[in-house]
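In what comes next, chain A is part of two complexes: it sits with chain B in the first one and with chain C in the second one.
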Partner chain A sequence: MDMPVKKPKLGIKERYAFLTRDLGWEPTYQPKDKIYPYTRYEGIKIHDWDKWEDPFRLTMDAYWKYQAEKERKFYAIIDAHAQNNGHLNITDARYLTALKLFLQAISPGEYAAHKGFARIGREFEGVGTQVACQMQSLDEIRHAQTQIHAISNYNKYYNGFHAFAQQRDRIWYTSVPRSFFDDAMSGGPFEFITAIGFAFEYVLTNLLFVPFMSGAAYNGDMATVTFGFSAQSDEARHMTLGLECIKFMLEQDPDNLPIVQKWLDKWFWRGLRILTLVGAMMDYMLPKRVMSWKEAWQIYGVENGGALFRDLARYGVRVPKGWDIANESADHVSHQLMLGLYQWSFGTSFHAWIPSDEDMDWLSAKYPDTFDRYYRPRWDHIRKLAEAGTPYQNVGLAQLCNVCQLPAVFTEPGDPTRHSHRQTEHEGEIYHFCSDGCRDIFLDEPEKYVQSWLPMPQLFNAPNFGDVGKWMEWVGLVPGQDNGDYQGSQDQADFEAWKHQASAT
Partner chain B sequence: MAVHAIGNYHFAPRDHAGIYGDHQIVYFCWDRHLLFAAPFILFVPGEMSLGEFLEERIKPMLAPDPDAGVLEWAEARWSNGPVAFTPDFNASLTANGIGHKGKIIMSTPGLNSLIPDS
Partner chain C sequence: MSTVFIAFQANEDTRPIIEAIMADNPHAEVEDQPAMVKVSAPDKLTINKATVEEVIGREFDLQEMHINLITLSGHVDEDDEYFTLSWNS
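Right, the complex of A and B next:
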């Protein structure tokens, strides 16, 4: 009779092999290019998918375990936050403008990233890449969910949050991140991973994540801070996936370099433009500011980004086209956009306000070369108009850039006193852009960008035919509640009343 | 076809002239007047005269700027996108060469109260 022998446990290496690499197989009765029809049309050449190095070597069971732990902790904290009226701990309700912008502009992007990674997890051929993309897809939907859940408590007490899902498709400033993700998602799998995995989640990630999460911490928003901690280690995995994919493409074939460089140029520029929203948030929307956009750009863009591109130089990669313009623009874009958001605040699902004297002194100190010279005179004039009882509203609405879809607030490189005008004609129609960077993207693939659904020209089309009242209803904007100046808003009145009650004794 | 695609990729533009009938999108920018954060977008009949367009539609929007009170259309310089043109205020927008999605840029050198000279 044989003694029962306990089967030995799998070692880490074996476990990893069984649960990831060994899930793949060589097809025997269908050609590979029928199973993976999209890995060649972009021109990227891959000779050996097994050369892709999994940076984290995570198996699914380990993944589920770690993620479940994060979820338990996260929901315990936001439950406590909700049950204890944690919303009253924010510095003041002006901070919620940053949070509304986050929910409307960023959270839907997480969901889009989820769809995109699910798609490329199927479309890529290598098992290691497939598994990593599938995990990132799960991460991204978790981020969308946790953000929405964290912020949902504020929706119980404050305006502007309620229609974020329909606003993603319909309102004007949300088309900036929406078109960013639509552009990536309508590209092939290699462009998608370069755009989102590398340009956004590696090169530019700190310029999105750190400002919003630090902004939340500085302003007493425990719910969003908790989201940040919950997502942080996922982001570390995302960064390494993005970097690994770039290196993989560049190491597989030298012919990949010009394609990858073109994508770096394009997605650096599109990412830079989207970050204008973050710049305006950091400089204007936080009652307690963390640092200026210019400072953040210097650390995370110039220094960290510079080091990265020096590192990639051995592959023949150069800094993205537009790098120098980006550096110059860091002194200007936050002001340019915020002046716009203020004058169009009748059409935003968040409040804007005129910066106070203290705010403007901070801006002067952080922008010694530009604020007093170019931007304070406009804010002073706007304040004069408000004090005279004729607060400034620009019903002229805004020209939008056909590519980045931001209102064309940007000025000519080297001359901050003039708008930057760029246009081109394609098949008998004119298209307008905010910059050479955006125009070049159009010129490279015009068939794509003639499809841009620009919210302003489309306002005059079905279903609203230029009727702003109808448009407000269509986008879920409740006038007098969600929009306009923070001064005199229901959010302001409620927050001040509740805080007073909390310390009334 | 410049775009990389898995098949033929050619569609009508989303905001082409045909969608808007006898109306058109027109953009307007007052050079060096950045109180207006971006050029305006307007929706007008192509047959509207340039003079009426400026008086009825543009002038009210420019009023918040301190220079608006001394603005004279006839003294300004005009361009259609990058191309200078001599305006005929009595003729229609289209007769002035301003078609669908055309951009009128009006320049008033020396008049820029809120913006430094350079």
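Right, the complex of A and C next:
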């Protein structure tokens, strides 16, 4: 950070005013509602766009300067990682499952966010909003690119990284984040910024990036720590933009409150479902763990989210629907999803494994009320099957939720022994859901969700027609090489051999 | 009471920022985590440009911290001289 600091000729607030507000002008050829036709149909009423305040007051010139500095730092480390066999410094190659999942599920989401913010930067009519959305759009494409660059070093040595873009469109579990972003992008500009800027960035992003990056650091993955921190350095700005947008809508007109609350309810629930993937990653995929999903939820969900909603109560906003269920489910969801990922691991682009005794003891300690009672017995049973040479594979197709698109593996609130499943009939067709939260989202906009692209029906469509082998090829998977149990995999054998070679010299 | 917090990458650029925060916010708590450092405080936390400058012995633009920022919580109020996080509740 050895940049020379010149005495600013203007104060930060004046500079911000000149470089944002002063760039806007009153149109004369066309009326404003023709230039900005999308800011009214969602029902949000804005009376004065100049009331929009970006508290960071970052101007475009300063933005380029700091982003350039971040890029230089990032690529210096990525080069060093590639030049020094950085891939051998990770704790062990099980860790790569977390990274594969990130590349397939999260990086395409960054790109989607880039497109979304570029669009709403054009659609919003306030200049402050336009500038902030433009910066975020640039940030998001930078995140997608730096993540792909960083992780490409692992693709030189390990399986499962090679077809992430194809898998983003075709494989089953990636449709979870993909449908999340498609849902947001097919909403109007205010719903999009509430979904991504507020519900995802402000309420949930800490749960994704902070434990993930700490986990990467703890497991020796210098490349991921670097892209993670480089991306995360933009997140504080994104979170602030999301919060600002919520406050702006609520302050502009009291009629906006019920619309905003409905979006908060919806997007909190959708975001929470996506984060189940992160929960499984934190509790099961890191050879050395930083904290449990439940602990992370306590810090960033309960405490931080609680502070936020106590603060927003002055506008009449309440905690999102499903908040209590989220608190209760923090004891269960990571185990439920990981059991699912294990039994369907013949159809994933990453490896799964049965937790060791040591892993299970850690899980018992972190989940004293639930792990030994509900989940350890299932893992023990699965282990017995594997030891008998008949490893458990669930060759039936998972029942996917029509909204979040996760397999419906969750249990009823208040009863972890009962499977949660909801269904509803709409125009003669039956639709399935994992929870009340997802069903309610469907019922509010059935015309939207009847169009959901669902990966399981796709197996029976052209060009696969139910042929699993063909489907593997179509999604870019080499069976037994890219997927299945980590024990006995090529990744395991290669990592151990190279590691041995590196230390034997 | 609600907690505000700010987290930075753990490095030589942020060490003096943390030091300045602790000097100006005696009620704040520092927590070291792998590769990052998180400072939390009840309701309010302020970073003063003058204090950071005193620690590092050169001029400092508060926006420099964007490079090493990881996350924060609370409403932001930024000016040339200070950067504040707070909850209104």
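Things to note:
In the analysis below, the second predicted complex is superposed on the first by the 487 of 505 C-alpha atoms of A that agree within 3 Å, B and C clash if a C-alpha of one lies under 4 Å from a C-alpha of the other, contacts with A are read in each partner's own complex, and residues count from 1 in each chain.
Quick note on the criterion: contacts are C-beta pairs under 8 Å (C-beta built on N, C-alpha and C of every residue); 3 or more make two chains touch, one makes a residue touch a chain.
Worth saying up front: this structure is predicted, and the values here are computed from it rather than measured.
When the two complexes are overlaid on their common chain A, residue A:Phe346 makes contact with neither chain B nor chain C. Once the two complexes are laid over each other on the shared chain, residue contacts for A:Tyr41 go to chain B alone; chain C is not touched. Within the superposed three-chain model, A:Trp474 lies out of touch with both chain B and chain C [touch as defined at top]. When the two complexes are overlaid on their common chain A, residue A:Trp498 makes contact with neither chain B nor chain C. Shared-chain residue A:Trp362: touches no atom of chain B or chain C. Of the two partner chains placed around the shared chain by superposition, chain B is the only one that A:Tyr374 touches, whereas chain C remains out of contact.
One of chain B and chain C touches more residues of chain A, and that partner is B. In the superposed model, A:Ala408 makes contact with chain B only, not with chain C.
Of all the residues in chain B, the ones that touch chain A in their complex are 1-6, 9-17, 19-20, 23, 25, 27-29, 31-32, 34-43, 61, 64, 66, 81-82, 99-103, 105, 112, 114-118. Residue ranges of chain A in contact with chain C, taken from their complex: 1, 3, 5, 7-8, 11-13, 55-58, 62, 66, 69-70, 73, 205-206, 209-210, 213-215, 217-218, 225, 229, 232-233, 235-237, 239-240, 243, 290, 303-304, 306-308, 310-311, 313-314.
Contacts from chain A toward chain B in the complex involve residues 37-38, 41-43, 187-188, 336-337, 339-340, 343-344, 373-374, 377-378, 381-382, 385, 390, 392, 394-400, 407-409, 411, 415, 417-419, 421, 423, 427, 429-432, 444-448, 450-454, 456-458, 460-461, 466.
Chain contact summary for the complex, chain C toward chain A: residues 2-7, 9, 13, 33-36, 58-61, 63-64, 66-80, 87-89.
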